[in-house]
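Both of the next two complexes hold subunit A, though its partner changes from subunit B to subunit C.
Moving on to the complex of A and B:
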């Protein structure tokens, strides 16, 4: 039985016995190749559910729109970390959720009308192929997670550059930003009811879509996700102008891991580093 | 007989243009194709399907200063922004030329937008006919076509060793010297075929679909970013804000989108489009109902950029078809 069929069977059961009133999963996109999110409310809609290596979207973001509603959701391992993040931050309720976890073989670079066998960059260095939280698991989890020595190779390369080189690189990248906020809208960790960029008083950043303002936006976005990014890399995938956001996210992820021995979303209980205070913590010297 | 320019003469003509005007053309930026002001012809990309962002940014930039107010002699002086230099845009596709014509309706309706008018008056459009198309292209269903010369000053169609030239306006005539053009017996390449997206009486169907739960269901999936609005050649909404310091006020406008949560929020906090479904409906109702009512044409040119860039496959082709089917069952 393929993954899609296992998901459809479970989803149909959940809808029919009214455990949940909606199953959030994936269906085929209009190009006939890729996938897109599906909200299935009726048994006949459940029939459209699929799962394959094109199912890139992190559906956990949608739970923020269904906080009080009983919902089943299909999650890959990275997406399951987003659920833990949102549980940890008291944004969603565990008893409203039925989690269909998928042991993930990695997602390909397939985009609209563009088929690719190659895994997305984040999947090539993924060390979590089994969901960290689920009620029902489909797929075969690997016997052990791979130890990937080169997970931060591009981050290390960036760190190896001079401050001037890094500034020139990021100025060029941010100059392209059109402030569509797709990176924010797709991110399960971005759920402020009023984002700092939309706040008028105090005004943190002007509306101008220009290098200076873009830099403020992109930098603060990354910092707000330090210790919270669960590495689904959806922000980078959706960026219409290809800004390499994962370089920033993973740099901060690496810092938090080294300083606090913490990885976001691995469980729902461990207090987040920036939501706790420990007397013994000493601010490291900055060289 | 057709008019012809050799590739070599085209390149030298483009180099000459650099001497007295800005030349904007498709360029490669990482893996993207973007219209950029170029300083040398070598940076121009000739082999591209279409640009990542539309050329609207050269008439309606992401951000632009409208005017300054400065202290002067104990009073204040208003200094409007002006566009001094001529610009030629090379490599505009026919769908995007139609997109510019669509934007002319709101921006040039009296009282015309002064800055937009200057951008338009100072810019000459050199189009490139499409020899290939993308799977998401549907310009022929939206009033244009891969070889459509409408709304351009010059249209070039690539053939062996050069281009078939159509000089379409006085502006185009002034830009391209006659001496570079020769008469030649060259047949134009075939017009690539595109899949059909029949829009029928979509405006009327949109009106009837106003209260349909269809929009809330579609909004389940939509993540409400602004990608579709910002890659769209015909989306023209903006916000205006003042940048102030002691000596000067600068009034700036920037792209805005009906998909932003605060877009219609007014003083006192009321928002006439408070739900995601109502905001998503607005985008399609504007393109398929309100704009046609006001100006007589659908505000979509079938460039397919929103289809390609949408992170969750909100596909306007599918919506045009689905909305026409809404209510069909209940009426039967």
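Moving on to the complex of A and C:
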């Protein structure tokens, strides 16, 4: 029985016995090769659910719109970490959720009308192939997770450059930003009703077209996700000008691991690094 | 005639310790460089990384954050939270090309006027050595 069929059977059961009133999953996109999110409310709609290596979206984002409604959701391991993040931050309620976890084989690079065999960058260094939270698991979880020593190779390469080289690199990257905020819209961790970038008084990020305003946006977006980013890498995928946002996110992820021994979304209970402190800790960085 | 480089420092000082410490430096007539612009904040825990990034974007050559010594916070725990955020912010600034020498966090108590003067002096010296921050981004956009 393939993954899609297992998901359809479970979803149909949940809808028919009215455990939930909506199942959020994936269906085939109109181009015939990709996937797109599906909100199934009726048993006949459930038949359109699929799962394969094109199902890239992090659906956990949609739970923020269904806070008080009983919902079932299909999640990959990275998406399941997003659910833990939102539970930890009291944004969603566990008892309203039915989580269909998928043991993920990795998602391939897909575009409109085309798909490839090559795994997405985040999936190539993925160390979590089994969901960290679920009520029902489909697929075969691997016996053990791979130990990828080179997970931060590109971050280390960036750190090896001089300050001027890094400055030049990021200036070029940020200068291309069109501030469409797709990275924010797609991120399950970005749910503020009023983002700092839209505040008018004080005007933190000016509306003029200027690279240095872009820099404030990109820097603070990444920092707001420090210790919160669950590495689904959707921000980088949706960026229309291909800014390597994962280079920023993973730098912070690595630092948070070293400084606070913390990884976001692995469980819903451990307090986030910035929500707690230890009196005795010392940080050589800040003297 | 070329204008001599004067580093611009933005200093965020907590109201209860460091601001009072700077006041002591003043009333004790201790000399220190005038390169620092002091902004008084209620607590070092108030320091949003956004304030730091924004200061650099607006042309600061260095940013100094000063608060009560850990354990002495007026609000008991504000500087413990600040410490965590700023310890992460510093390597991150370095990573995006703002040398970490340009960003300092110091604990200065209300009686440490002398220490305050030393902190500002050594920070200013260091920024003289580093030279002005390359602001290629801001060129021509005012």
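The definition used in the following text is that the second predicted complex is superposed on the first by the 285 of 287 C-alpha atoms of A that agree within 3 Å, B and C clash if a C-alpha of one lies under 4 Å from a C-alpha of the other, contacts with A are read in each partner's own complex, and residues count from 1 in each chain.
By our rule, contacts are C-beta pairs under 8 Å (C-beta built on N, C-alpha and C of every residue); 3 or more make two chains touch, one makes a residue touch a chain.
Every value quoted in this text rests on a predicted model; they were computed, and no experiment measured them.
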Have a look at where A:70 lands relative to subunit B and subunit C in the superposition and call it first, second, both or neither.
neither
Going by the contact rule set out at the top, does A:285 touch subunit B (first), subunit C (second), both, or neither?
second
If we overlay the two complexes on their shared chain A, which of subunit B and subunit C does A:159 touch? Say first, second, both or neither.
second
Based on the superposed arrangement, let me know which partner A:178 touches: subunit B (first), subunit C (second), both, or neither?
first
Who does A:121 touch here: subunit B (first), subunit C (second), both, or neither?
neither
Output check: A:103 vs subunit B and subunit C. Expected answer is one of first, second, both, neither. What do you get?
neither
Touch check for A:268: first (subunit B), second (subunit C), both, or neither?
neither
Is subunit A touched at more residues by subunit B or by subunit C?
C
Would you sort A:219 into first (subunit B), second (subunit C), both or neither based on which partner it touches?
second
Where does A:170 make contact in the superposed view: on subunit B (first), on subunit C (second), on both, or on neither?
second
Where subunit A meets both subunit C and subunit B, residue numbers:
208, 210
Where on subunit B is subunit A touching in the complex?
29-32, 34, 52-53, 62-63, 134-136, 217, 220-221, 223-227, 229-231, 239, 241, 243, 252, 254-257, 260-262, 276, 307-309, 311-313, 315, 317-318
In the complex, the residues of subunit A that touch subunit B are 29-31, 34, 36-39, 57, 61-62, 65, 112-113, 176, 178-182, 184-186, 198, 206-210, 234, 237-238, 240-242
For the complex, which residues does subunit C have touching subunit A?
49-50, 53-54, 57, 70-71, 77, 80-81, 83-92, 94-100, 104-106, 134-138, 141
Quick one: in the complex, what on subunit A touches subunit C?
158-159, 163-171, 174-175, 196, 204, 208, 210-213, 215-216, 219-220, 222-223, 226-227, 248, 251-252, 255-256, 259-260, 273-274, 277-279, 281, 283, 285-287
